[in-house]
Structures are given as C-alpha cells and as structure tokens.
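Read through the structure below, which is laid out as structure tokens, and then see the notes.
Chain lettering (A, B, C and D) follows the sequence in which the chains are written, and residue indices restart at 1 in each chain.
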Amino acid sequence: MISFASDYVAGAHPKVLARLLETNLENQPGYGADEYCASAREKICLACDCPEAQVDFLAGGTQANAVIIKSLLHSYQGAIAAETGHISGHEAGAIEAGGHKVLTLPQQDGKLMADILRRFLQDFYADANHEHMVQPGLVYISHPTEYGTLYSKQELIDLAAVCREYRLPLFMDGARLGYALASRQTDVSLEDIAALCDVFYIGGTKVGALCGEAVVFPRGGRPPHFMTLVKQMGALLAKGRLLGVQFDALFSDDLYWEIGCHGIAMAEKLKAILHEKQVPFFLESPTNQQFVILANERLAELQRQVDCSFWEKYDDKHSVVRFATSWSTTDDDLAELRRIL
Amino acid sequence: MISFASDYVAGAHPKVLARLLETNLENQPGYGADEYCASAREKICLACDCPEAQVDFLAGGTQANAVIIKSLLHSYQGAIAAETGHISGHEAGAIEAGGHKVLTLPQQDGKLMADILRRFLQDFYADANHEHMVQPGLVYISHPTEYGTLYSKQELIDLAAVCREYRLPLFMDGARLGYALASRQTDVSLEDIAALCDVFYIGGTKVGALCGEAVVFPRGGRPPHFMTLVKQMGALLAKGRLLGVQFDALFSDDLYWEIGCHGIAMAEKLKAILHEKQVPFFLESPTNQQFVILANERLAELQRQVDCSFWEKYDDKHSVVRFATSWSTTDDDLAELRRIL
Amino acid sequence: MISFASDYVAGAHPKVLARLLETNLENQPGYGADEYCASAREKICLACDCPEAQVDFLAGGTQANAVIIKSLLHSYQGAIAAETGHISGHEAGAIEAGGHKVLTLPQQDGKLMADILRRFLQDFYADANHEHMVQPGLVYISHPTEYGTLYSKQELIDLAAVCREYRLPLFMDGARLGYALASRQTDVSLEDIAALCDVFYIGGTKVGALCGEAVVFPRGGRPPHFMTLVKQMGALLAKGRLLGVQFDALFSDDLYWEIGCHGIAMAEKLKAILHEKQVPFFLESPTNQQFVILANERLAELQRQVDCSFWEKYDDKHSVVRFATSWSTTDDDLAELRRIL
Amino acid sequence: MISFASDYVAGAHPKVLARLLETNLENQPGYGADEYCASAREKICLACDCPEAQVDFLAGGTQANAVIIKSLLHSYQGAIAAETGHISGHEAGAIEAGGHKVLTLPQQDGKLMADILRRFLQDFYADANHEHMVQPGLVYISHPTEYGTLYSKQELIDLAAVCREYRLPLFMDGARLGYALASRQTDVSLEDIAALCDVFYIGGTKVGALCGEAVVFPRGGRPPHFMTLVKQMGALLAKGRLLGVQFDALFSDDLYWEIGCHGIAMAEKLKAILHEKQVPFFLESPTNQQFVILANERLAELQRQVDCSFWEKYDDKHSVVRFATSWSTTDDDLAELRRIL
C-alpha cells in the first residue's frame, strides 16, 4: 500500500545506510568520541557558518527537546511555546516530567509571533505577584511548525529581538528542518537560523536517517556537563557512531539539502493533485506536510488504499487529514494516489 | 491602615490561639500522632458525616495541592483544571515540579463545567495518538474558585458523574471552603462535598488558623504510604500538634462555621458599600472576595489609605482589584472604607 | 509520663508563644513581607556578624534541606553527605524526589572528615569516566550530627578549605544548632559557622519554636528567584509572620542561647544519672541527645514509664536508645528518671 | 590499533546490518507498530518459553533501566541494588532524576545476595521510623554483573524467593545477557531468567546490535500506559523498525546465542594468554569481561598499542584494567595482543 502517513515510513536514505555498512567493522571509541561524530560536527559547523558551534547528537525529537530544555532551565523556570507546540501537547509531558511547565501562548498558523510574546512578557513582569509564578526561561519554536508552516526571516528577527531584550534563549525544534530549508516559499537559510537562534537541532529521523538529531549551539554556550545530563536522561548511545556516521553522510555532498528538495518537489506535486481533485485544504503548507479536510466516510474508504494520518477532528462529520512526503516518496506513489482520488 | 488585602492579614482566631496556649506544655508524640490530631480527625469525620474518612493535616494550600496530586497520579498522568485554576498559574509550577502536567480547560466564571470536561475526555480518547499525550489522571476544582464564585450542587453532581464515568478522582481545593459553606447563595454543604468528591481539603490558613489545611479522603482510599510522601515533600511537621490543636479548635463549638459566617456578613456589607459608592464590579461574588474595576490613578490613591490587592490588568488604564474579608474584618474597618471611598 | 523521646515533645517556649499572642491582631502583609520577618532577619544578621547575610524562613528541617539543595544544584549534580547524614536515610528520599543523588561518604562519629572528602574528590576527577557520573555539587554536614556529635572549629576550617578548593558550597543543617552552640565542649560559635559555611540554617522547631528554620546565606549569594522555588516546593506560608514572630522572639534577649543552655544543662545532668546507674553509652554526646545501649527487654519495661526512642538495632538482643533533652525538660523529669532507673 | 576497550567498539553484527539493508525501503508504521517488532516479539516469547510475555524495545541500557524503574515504582519507593550496581554509580543519576533513591546494599563479587537482602528488609520493617524512609519498591540485579560475574541458578532462586516474600518485583539488567547465557560456567538459561524475574531486558547494544534492548515482562503485568511513559522519557523511536529489525535478526537462526558463544570463546583464549603472560587478575570472570591489575606505567605503555579500559584505581601505583571481547573480536586480535604482552 502506498503511504503518505508520515516522513518516517521508510528506513534510511540509501546513501546513509551505505555509510553505516562501509564503516561497520572499524573500531571506534564509544559515546560520541568516534571520528565520524567529529567529522559530522565539523561539516555542520561549516554548513551553519559557525566555526565556534558546539554540536551534539541525540536519537530523537522528543528526547532532544527534553534534554535541551532541561539543560537550559533553572528549576523555577518554564519554556514558552505556542499552544500548538509539539512540547505542549504531543510529547506525553516530557518537559513536565523534567520539572518544568510549558507556558503556552496563542498561535498564528502554528507560529509564535513576536508581538504576542512581548505582550506576555510585559504583562508578566508588571504583575506584582510574578514571583509566585513560573519564571519564563526560554522560548521554544518549531520550524517547520506542527502545521508545516514556516517563519519568515523577519518574523525570526523579531522573535530573536524580544528574546534578547528579555535575555531568554531562543530554541528552534528543527525535527523537519530539511523540508523548511528546501521550501520554495522561504527566505530563511541555515545560516540565518544559526545567527538568530541560541540553540536548535537539525532533524535527521524525518529527513533520511534511521534516527538522530544534531543539536547545535551556534555560538557555543552549551551548558556545562551537557554530556552528563544526556547520560542521565538515558540519551547517550554507547555506539555513538550510529549518529555520527549518519550525520556525516547527510552533510556530505549536499545530501541533506538534496533530501529536503526531493521531499518538497513531491509535496508540490501532491498539492497539485489535491487541487486537481478538489480536495479542500485545511492548511496548504510550504513544506512536506499537507493538511486537508475529508468527510469521515471518505477518509475511512481512502485509508483502505492509501496510508494517511487522521490529524484532528474538524467537526462531527469531517476530519483533518495529513499527507506527508519525504525522500522515499516516488512519482509512482503520486500517480497511484491521483488514480485513487 | 485598614486592610482588605487578603484573608490572611491577621494571625489566628483568638479561640484557636487560646487552645495552642492551653495545650502548649503537654508532652505529645510528633508527626501527627498526638491526641489533638486524633480528636480533630474525629470531629472532621463527624462534620463530613463520613465515619470512614481519612484525614491528614498539611501546612498550606500549594503544599496540599502538590502532595494530593502527586499521591494520586501515575507518572504518565496529569491533572485537569480550569485554565484559571490556582494550580495552573499561581503555584510557581508546583505540580510540574512533581513531574505532572496541568491539563487546562476553558472556564466559566472560574469554574470547570461538566460538559466541557466530558467533551475534552471524549475527544481525547477518540484521538488515535492519545498514547503520545499526557493521560488525564484526576480533576481539580476549587470551591470557592479563584474568583470567589461557587459551584451549585447540581454542577458538582454533574462533574462527579463525568469523573466517575471516566474513573477520574474529583479533587476539591477548599483553601477558602469556610466562606463557601457560609455563603448566602449556596446549596452545597460539607456533607455534599464529602459525598461528591474523592478528596478535598478544608482550608485553615485563610479561615482563622495560623496555618493548616485538613486533607479529607471521605470514603477512605488514601494512597498507601501517604505519610512517606508527605515527609518526602518536606510537608511533615515535627510538632504536628500545631495543626491538630488548631483544627480541633476550629471544629469545636462550630467555630469554623462561625468564622465563615462572619467573613460573609462582612463581605455582604462590603458589597453594599461598593454599590453605594458606585464602584463597578468585575465580579460580584457570593463569598468573601470581591473584585472591582478601578482606574489605575484611583487605585494608587486609594492604596495610600486602604490595603487592597491589584489582581490583574483590566485594560491599559484600569485594574481589577480584590477586596477580601475574613474573621478579622470589623465593622469599624468597613465604616472607615466607606468614609474613604 | 515523663518524656525524653525528642526535643519536640512540647509546644513552643512560653516567650515565643507570648509574642504570637501579642502580635496576633495586627495586620501584616503575607509571604514573609511582614515586619517581624524583617526584624528577625536583622537580629540574625547581627548575631552572625554578617551584615550582608540573606535570611529566609522555612517551616521544617526536611523542607529546608530540600529547598536549599534544589536551589544550589544543577540537574547533573548531587549532594555529598556522610552516610549517616539526615538527608541520606531519614527524609524519605526528599533530595532524590528533587532529582538529585545523595553521594554518601564514610563517617566518623557521624561526621564527614576533610581528608575523606578530599580523597573522594581527587579520585572522582581522576576517573576517566566521571562525566558518566553524578557531579558533586555541594557538601552537606549537620551540626550537631545525627548522633549529637560536634565538629571542632579546626574540622570545619579543613572542610571549608576542601570545599573552596573544589568550588563546592558548604551547607550546614543546623536543625539542633542551639544545642551545638551552647555545648560545654565546643569551640565553634555562630560567627564561625557564618564565616565558614556558604549556607546554613538555624533550627527553631527543636529549639523552642512551634515550627521554623532560619536559612542564612551569610555572604549573600542566595540563588535568584529563591522565593519562587520556595513557593514551588509548597514551602511558602501565607502567614509568614508565624515564622517571623517566632524568630524575632528567639533572637531577642538571648532567648535562643538561653534555650540551648538549658537543654545542655539538663543533658549534663542526664549523663550523670545514666553513668550513676551504669547504663552503657553507645555514644556520649556533647549536646542534647544521648545514645545508650539497652537490652530489648529492659527497654520494653522502661518504656512503660518513660518515653524514649528506639534508635537502631545494636545486636539481636540490644537496642540503641536515644534520650533527648530540650527547653522543656525539668529537674523533676530528671529526678523521676533517676528514680525509675 | 587492536581494541579490547569494550564490547561496543565495532558496529553491528553483519547479519544484523544485512537485515536493515534488506528491509530498508519497505513502508512500515512508526513507534514500534511495524511488523519486525511484532516478529521479534514473537521470537523472544518463544526463546523465553513465555507465550504471555510482553516485549518492548528501547535504545540503550541506562534508558531501559530508567524507564523500567520509573514504570514500576511509586513516588515513595526506591530501587534496591548492590552498591556496585550500574544504576548506583554509573548512570549519572538517571534513577534519582526520575525521583527515586537507589537503596544500596553490600555486594559479593558484584552480586546482591539473598541473605543480605532479607536481613535489610527485616531490619527495615522492624524500624519504627520506616515510614520516614524511602520504601523498597523493587530489586535490581545485573547479570552478568558490572564485574562480569554471574548468579548461579540457586542464587537467583533464593533472591526471587525473598522478592516474592516481600512482594518486590525482581528486575534483571541484561545489557550483556548474551555473554551470560553462553558462559561455560553457568547453569542459568534464558527460560530460567524468564521464570524467576518479573522483568528483565535482553541487551542488544553490547551483543551485536547498533543499539537496542528488549524489555521483557515474562508473565505480562507490564505497567499500564507503558508506551506513554516511554514517549515521555524521550525513548520512543519514530522509526521503531530500527530496533524491531535488529532483534528479529538477533533471534533468527540462533544468532544471539552464536554471538554470545563467539565472545565467550574469545574471552577464554584471552584468559589463557593473560595467564601465560602472568598478568595478575583482579577478577577472572566467566563472561566476556576480564579485569586485571597493571602497574600504571605498564598500562600507559600498553595503551600505545592496545585499546583497553582503565576501570578503577587499585592502589596508588596500580590500576584495575578491563579487557572485553565481543562478536567482533578475532583470533588475529588475540595473537597481536599475545605478541605485545
């Protein structure tokens, strides 16, 4: 059955897997001290145009969010996020399990806007009782957002300005960053992100790796004993090479960029098919996830032939449904979908 | 200066303090094993009409909320509350520090309504991804609410029905319970609360004690090793008699009821004065807290002569201001306020 | 029945309770902003000879330990303590509940010795894998210790030197500090403690208060947003005056010192009686707690007439038993004990 | 350079990697719902002779320990372990970060013995103050232990009997289980472990996988919402197939057993060489890790030609050094080591 269920339905991009095979028998030190992690770090610094960047590899997105946020916050602080932020609703309370509240603000197309953030912070510090409340400790955004939307460069500049004013680190969840960078409707580059954010991660799991996210502190400033915290949170792989080799492959010969472009090209074709078939959009995104509205019966019928994801209730008779593309989506998949629709 | 700043501006009700003095030199075992705790427990069981109730004494409201919620939840669960619930915004993240998310729902006059709760639970369990989310583990309400409003008996019956249907304990924060029970606009008795809630606490700190909240599991079912958890959370007083003696006094000769009635009588007179002086209400409550709207300049001026609390921003030029009465409010205080207004 | 069960069998010292009564009807702001907290702070600064000291009031010892340790540690750090330290075995896991390991070292007479601490730290940092382990974050000692023993001034100087060398805050649990200061076998003054420790608390609960511990950061440096953390941990009393008034009384007219001296005088008489009656000592302490060895049958018999505490198993037929004196112990109590023995 | 540094110096066993390659392009559902996880589960049930077993896959050992322990304990409970247990000293406080104390008991050759456990539990419950202490909640053992030693079948039977008596789950950390099962000096089979333990995991990372541990609840009884907890702890891989495919390969054609046997055969030859060269043993283990004592200078010299691990200080001039074998150790490696020594 063809699948648009997610961008993690297949294994790794063949070039990534090939590198794992080539390097498999080499002896390498554990816990991220191997030469592939070192090489991947170097290539990522170069790609970010940040020679001073500190780069660490973690296995998945929720793990990366939990580790980064715990490393940055004091016990009396919380993480500000859009109410639709992944850390708010879809990570089973990982942030709270680390002892921190997620302070949610209203969203616009899945995004946290600078003016809403500034107003919240102004009101917070104006409140005479604010010492009885969770102190804001960092700002979390995702790019692409949970709805596949993208921040413009100006929006990121504005957010970063508020964060600097209130001395809050700006943290970008880039679980699907490859599809943001390759979008045809973005003016935001990896270098921009590195310049504007205090920490972000480059998603591998959903962009061609078996698993793995590269955490980047672009201007250094990684909290001390970060590795101890990673170990404490069960996130330190003995065979750290598994992540190093994959990111080394992803950042060789523009593979990460190439994967993003393929996913976007497939998404553009997908959008054209959905328009042609007059499927109403809930949100037509500039990235690899498209959200459409289907009557519940039609969805049930469709799912017999196509794997796609129920996203949320639209109304009592309709659902929001997600179609995702990735490096593994083919023109044949799209042709088949067109036929079925 | 006269004070309507809160219901904890004075010390203890004189009868409560007198009991501490009378019993001061007696030798008593520590950690709640003293005879006054035992006697207070018995009187509270009687007042609740729950001979099987398990009663424990804690020092304050945030502490009681944190201990009770932690005792009831598994690590994968959260506490449902109205978005205005005290545990959500005003306890510095005490619930999250214990590892649990507060799952907030829209409120009506500070209250969590049964239909909103039911719809949330229906949608939650209908969502195919709900195993990736925090599981609902209990329902938190406060009575009076943070805005001084009260649940009707029918509203509590409806909430309890949803809770039973979804097997969620219903927990009532009764930090100001004395003023709810004594309100002239309530049909809810202590026996009703004991019959409808699975756990609640009877507030002492704001109803005549120096400190202290009596936690009641009306039909038993207190989680095992509750005392160990209380100790772990730093909430076990060596001289537990401090709480036992005070609650023994509060539940002797109807003192708790008497204090509530006095606070309400003063609040009714306060409301009359505010009406007479045409101060606009933000929320005219049936309990001991009244919320009015004042221009920021007028508030600043007033606060030179009367102690009252800025509550929240109303708009750029006006504030919501709280006036609270208690056992210690006098007719002279009210006369003076009337003169000043 | 006469009681030597603990130093918290009676209520408050009469002068402390009298102050609560005198100030009871005054209106005071909540949460520690009252004038009695301010006055007590000032008196404690003076007593410590530390004009820059920051002083906060908490309700009990486990709470104070938990709050202080959580405020000082990063998530990757633990608290070093003697294996007999109160935080290690007798606080129900309060430190671990806050996310931190207690790193235990061997003790000598209940004390943590500087050379043992230094050797541990040397070995720790020499271990190539130490980034996989909990990082030392502070050093906890209690004075008197859990066995009533005392550090000499030189021992404290040596400990403080190691702590400074490794940049670890030295934290003293002074739950029974009054009995240490008044001991006839000590060369350590309150000023010494303030000069050598980075944070400590002056115990009230076991030295004449109903409840309360005064946390002192003698040279400032209290972690930011300490009050928010106190609130988060359920440790912020609405009627903070309860603690302020009591410590204001304890630090007026040398009352804290007087209580300590009375407890010690009674302990010296107690030791004389135990010697006279040839009760073997497990540990003859210079403070208000004495530990003797009794055959299990004799203990059972004795406890019918005297309240005293089983402490730990000595062997299959004998127990270690604690006798404690306090401000409330009388010459009559001692005479009666002598008669019974 | 030849390496005996650990059993995770190379990548995956070639057959494991081959399966990843073969299945790479298939579309599979995420989060462990793929057909390879299902197949691996079935094969593991069969290997354990436990048709009712519940099997989950996690990425690494510390993660598995943290997740399993958190899933089993209430907040007032701790995990009993030998003082040398991995969770006690070498996981950066992962258990404490989850809120639970590790209750350490003396070890014998790295093992927790039934009589020591029973005595601890007897004394614990005999202590009148045990409600002020962390309650024992489970018993953690590792097999092989941190020193490569093994429990005999009788020792496990005795431990399990104490655990059943006190209703404590017995949890076995099997990070290196393959080398235990294949040891020439064991009478303990996988079926025995499944029969005697309440939960255990079958280590993949150190026995031929890139990463992965298979958590087995042999008679069911996995705590509810285990998947939600796994997600919360950042341990749920989107491409769960990564673990499923590997364990499916490991439990096909006796590969897991074969890898264990190879590691053991190499370890036996290694021991012979060490004996021949008269290198003194610190601990001559029946499994794949051997611990010898080397003068510090000799170790430094050796490490220029052979990768081996400093383990711990033996005395001021000597170190305990670990040599580990695995599936990837070759006869050439051993010949080279013999030459160097």
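One rule holds for everything that comes next: a contact is a pair of C-beta atoms (placed from the backbone, for glycine too) under 8 Å apart; a residue touches a chain by one contact, two chains touch by 3 or more.
Everything numeric in this text was worked out from a predicted model, so none of it was measured.
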Touching subunit B and also subunit C, the following chains: A, D
Pair joined by more contacting C-beta pairs (A-D or A-B): A-D
Separation of subunit A from subunit B, taking each centre as the mean of its C-alpha atoms, in whole Å: 42
Rounded Å distance, subunit B centre to subunit D centre (Cα mean): 49
Inter-centroid spacing, subunit D versus subunit A (mean Cα positions, whole Å): 33
In subunit B, residues with contacts to at least two other chains: 75-76, 91-93, 97, 99, 131-134, 228-229, 231-232, 236
Partner subunit C, residues of subunit D touching it in the complex: 75-76, 78, 89-93, 95-97, 99-102, 123, 126-129, 131-134, 310, 312-313
Subunit D partner contacts - residues on subunit B that touch it in the complex: 31, 70-71, 74-76, 98-99, 131-135, 223-225, 227-229, 231-232, 236
Touch list for subunit C against partner subunit B, complex: 1-3, 5-6, 8-12, 14, 17, 20-21, 23-30, 59-67, 91-94, 97, 205-206, 210-211, 228-229, 231-239, 241-242, 307, 328
